[in-house]
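The structures considered in this document are given below.
Here come two complexes built around chain A, the first alongside chain B, the second alongside chain C.
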Partner chain A sequence: MAGISQTAPRRSPLMRLGGRILAYSLVWAWAAFTIASMVWVVLSAFKSKREVLRSGFRLPSEANWENFGTAWTVGKLGAYFPNSLILVTVSVVIVLVVSAPAAYVLSRAKFRGRETLTNVFVLGMAIPIPMLFIPVFSVLAWLRLNDSLTGVSLVFVAISIPFTVYLLTGFFSSLPKELESAAILDGCTDFQVFRYVMLPMAGPGLATAGILNFIWLWNEYQLSLVLLNSPDNRTLPLGLYALQNAMQYTNNWPGLFAGVTIIIVPTIIVYAILSERMISGMTMGAVK
Partner chain B sequence: MTADTKISLSIENVEKYYGGYRALSDIDISVVEGEFLVLVGPSGCGKSTLMRCIAGLEKIDAGTLRIGGRDVTSAIPSERGVAMVFQSYALYPHMTVADNIGFPLRIAKRPKAEIKARVAEVGRLLKIEGLLSRRPRELSGGQRQRVAIGRALVHQPQIYLFDEPLSNLDAALRVEMRVELARLHNATGTTMVYVTHDQVEAMTMANRIVVMNGGVIEQIGAPLELFNNPANRFVAGFIGQPTTNFVNGRVVSADAGAITVELPGGKPFPVAVTERLKGPTPTLEVGIRPQFFSLAQDGAADLTITVDVVEQLGDETLIYGELDGDQSITVQVAGQHHVARGARLDLAVDHDKVMLFDDRGLNLCRRPS
Partner chain C sequence: MIRGRMIAGFLTPAILVYGFFFLLPTLFTFYYSLFDWSGFGEEKTFVGLQNYVRLWNDYVFWLSLWNTVMILLVGGVFIMGLAFLYTILINSGIWGKKFFRFIFFLPNIVSVVALSAMWAYIYNPRIGLLNTAFASVGLEGLSKTLWTSPDNIFWAMLAALIWVFTGFFLILIMAGVDKIPADMYEAADLAGASLWQKFRLITVPMTWDVLTISFVIWVINAIKMFEFPFAFGLLQVPQQLYTLGIYLYVMGFGKREPIYQLGYATAIGVVMLVLAFVMIVVIRRLMRTDSLEF
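So, the complex of A and B:
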């Protein structure tokens, strides 16, 4: 560390100020764009067909709740919502259950090939999803799990493990080693050290991994499109695509925006519940 | 050590390597039951490594460890009969104080009623009964340290291991906890091995001190024995506060029982020695503790220094100066003395307390205590 700070070039106060202004401007611009888009979508979800293209950011003259009804029933989001909720929740739980012990062992245990194994997980993050379409489809067909939520759940778990293990490995590495030593002296086996001491302390890391995976899998579209054919098994992103197709012929843009609003609500709820723990996880060095 | 003295911990020829680096070399220590043994030395000397080896958190590469006569060299930590208090307290942050203290019993699957009773008992002993439902983050440094000690106490081990337990506390709290640990040792009568780099802690708490440096033992002895009769230059420099002055002295004459030396700008004086000089030696390193100087009366000066800095501590005065030849000298004299910076100050030395070190750093003046 000392070496880095000694060799790092010193910047003048003016340059530092300039850099800070630039960084803050970008962050604010990004935040403003994101918030403006969401506000526009939510406002539009309550507007009438005539109002939506003319009034911009103005409040709707009256709240058109029937847009949500249209998206829920005509767009069948009501049918797809439980599919997504069960699929994503189960997948995230399994990902955490599988990844946490793996990450703990990779961060703490001493064994030959540990670094190679960690790198294999990191490598898993670099594989583009479209490359997996054919092999995954074949494997699921062989397992007779094609066009099923169980099959997609298995795939979701598999593609989420590399990132989750990577994230949690960094988190477990940042936890104090003395706690582990204390637990061993208190009579814990390796599994008990993990179960009673390290896992509860990794709460912020697990929350971070949980929320990031939830958002990612909730919005996952490509694999679901390839692996799910039956309308009954569709997830919300597929439903939204179908809704877009339906609405563009009827010019029911408010109905589409109501559908989008319905879809983003769960991620906002999950974020609201876990964000505090997630932020403390990030500040503890879990996310680099 | 008498014949019926029970050995609580026996460390025999222990060696520890990290790759090619030898962290511990030929460590040989016997700790008597009920003894308070302090391992002391500078950072990186191997004292914490040795403690972790005793605890079983590190495997030793050679030698034998026995606890209560039982060979525990290959035993897992929880089967060694030791409990450890860590520098950072190592409290489980997600558990309450009661859960922290009771955790070893919970892991040992003791009945809940027993756990509750033992936790309450330890809480009373350490005066933390009112804190049992709090979490570690809601406690002060001193309270956390008590909880950490409580978790060790509940083990009822044969040996307590303390790894620099007071170094995260402020000065006042450190003194308070030092006294409490001494009380605890008296109350439990259990063997304690204590690691510190603070030689004041070592001197005040230990029955015996092990001075370590570079992975080897420099000397083992009672605190005053180390202060009065350090085996070598390292121990003389490490034990004692302020640190010992080391000055190059010219050898005027060397007889079987005494060597006469002369310090720069001073007059020759004889020093009784117990070791003979090996061969002709023109100079020797002279060690004089700051406490063994006094302000010289007319004509009785052994040396004269030029005063640089004076620190008034109320009951004593610390004077930092230089001998001719730019060798630094620290003088500690009782009472309040007002000396101007740059003044020439005549000093007398207690000749019976002067130490001489040969070119290997060995003390030539090991006097019987």
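So, the complex of A and C:
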């Protein structure tokens, strides 16, 4: 690793040791805070209401699984979980189906206005989402899709297109051109080249785009808040928000923490398995 | 050569969805901002630039703009400073680089509402982790602090925000630093360069592009800031936490009681967009001239 503080010959071993200790303590201070606060929230989900108020830093005396039951049934997260899962899965699939061909053409075909069109897609990443609250609401109302998961999934697809097209365009551009030429010489049609040669090679890129979009949409909260009114249609973030607001009156902290655990565990599992791929996908566009 | 018909066929679905549910609504915002419009399904009355005149005289709008700018500047300085510092520390050859990168980025994949619940617990005056920790090490005075009182709540929120975003920019900057060829540092070592010289003459110029992109991404994120302060403030978001995005939401949809000043709210959206684009242009300008010095 090209370390920045790779030691210059002049530094004494003592200074080097001091620097090492300083680096470890600063980095660990941050990491320990992050780990401790997250673990503590999950642990506290197993405490009783009274225990959370009194016990300070003591571990839960026994595992109170009923907090999860409360969040799942009374807090209705059990009903919102499938809402989120279906909404997000469908949206991610559509985003990929719609963006991959567009990105392929934008990176490989030659036509007038190609660069302008690419820029128009990328531009979406700079548009502040709150600006869309009112006009998107009226577009959905006009289509009679307001307060419906179908409507929200269309909006989810639209807001995910800019990053996905950007990521996949970069990915297709990085693939070698020779295979395409060879396939055409072998008599493949344009579409066959895309379907049987380029798409399989773009698999890792599609997977990265799919995972990142899944996490973002799973956590998406502002547009859902504006577009979904009836409690039956709530997604998990909206359900958790309702739970948190109710908590102000019920003081049911462990119930809230159980809700937090239910919503964060799926994304943390995905992240734990695929963090390297997700991080490289995030940074791919920024570092050329 | 890919034929025209296939180009059109491949682009159309993306253009349709993106155009209809993203670009068109963005353009509508400009149009709506010229109307007095008191509810979906109500008639719109054309009022020209009146909504913008009203914004100019609206104390709460300036407050929201001020808070947004504070997030952008104060938050930005801390986030970029910490992200760069921790990139260097984690890259200094200590054990567990991938592990630390994993932990630092972690808040960015967790639901914002879950994060705000966690921070509510950290800051809670009676049972909160912060005050409990202070009490357990004997700092009785500090342990009575009301972190979410009107005076403190904005800074408490900003501290949490810095914690979230530092990890995001850390992975961007680290990816940039990792691209620097190792032999540049070796050559500098042979020439007897100090740590500071290596930082100023190799690390900063070699990561200039990544830094520019990071600043642009941060500006966009700061100007559209809505989710975290909104969830942090709960049902009755206090004005101390208002950002432009939250004020837009409050004017459009209200807190408990609907307000429905839709034209006025969209005018705030236009301000956000203009602000974002102006800032992006300014950053690109500034960073470009500076980079010529190297």
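Here are some notes:
The rule is simple: the second predicted complex is superposed on the first by the 220 of 288 C-alpha atoms of A that agree within 3 Å, B and C clash if a C-alpha of one lies under 4 Å from a C-alpha of the other, contacts with A are read in each partner's own complex, and residues count from 1 in each chain.
Basically, a residue touches a chain if its C-beta (ideal position, glycine included) is under 8 Å from a C-beta of that chain, and two chains touch if they have at least 3 such contacts.
All figures in this text were calculated on a predicted structure; none of them were measured in a lab.
When the shared chain is aligned, chain B comes close enough to touch A:Gln192, but chain C does not.
Of the two partner chains, neither chain B nor chain C is touched by A:Arg58. In the superposed pair of complexes, A:Pro200 makes contact with chain B only, with no contact to chain C. Contacts of A:Arg50 after superposition on the shared chain: neither chain B nor chain C is touched. For chain A, the partner with contacts to more residues, out of chain B and chain C, is C.
Contacts of A:Ile264 after superposition: chain C is touched, whereas chain B is not reached.
In the superposition on chain A, contact of A:Phe121 is made with chain C only, not with chain B.
Note for the complex: chain A touches chain B at residues 176, 178-179, 181-188, 192, 196-197, 200-201, 203.
For chain A in complex with chain C, the residues that touch the partner chain are 1-6, 8-10, 19-20, 23-24, 26-27, 30-31, 33-35, 37-38, 40-41, 44, 52-53, 56-57, 94, 97-99, 101-102, 104-106, 108-111, 117, 120-121, 124-139, 141, 154-155, 157-159, 161-162, 165, 190-191, 194, 215, 218-219, 221-222, 226, 236-237, 240-241, 244-245, 248, 253, 256-257, 259-260, 263-264, 267-268, 270-271, 275-276, 278-280, 282-283, 286-288. Residues of chain C touching chain A in their complex: 1-4, 6-7, 9-11, 13-15, 17-18, 20-26, 28-29, 32, 40-41, 85-86, 88-94, 97-107, 109-114, 116-118, 120-122, 126-127, 129, 132-133, 136, 163, 171-172, 175-182, 184-186, 189, 192-195, 198-199, 203, 209-210, 213-214, 217, 220, 223-224, 226-227, 230-231, 234-235, 244-245, 248-249, 252-253, 262, 265-266, 269-270, 272-273, 276-277, 280. Those residues of chain B whose C-beta lies close enough to touch chain A in the complex are 52, 55-57, 77-78, 82-84, 86-88, 90, 92-94, 103-104, 107-108, 151, 155.
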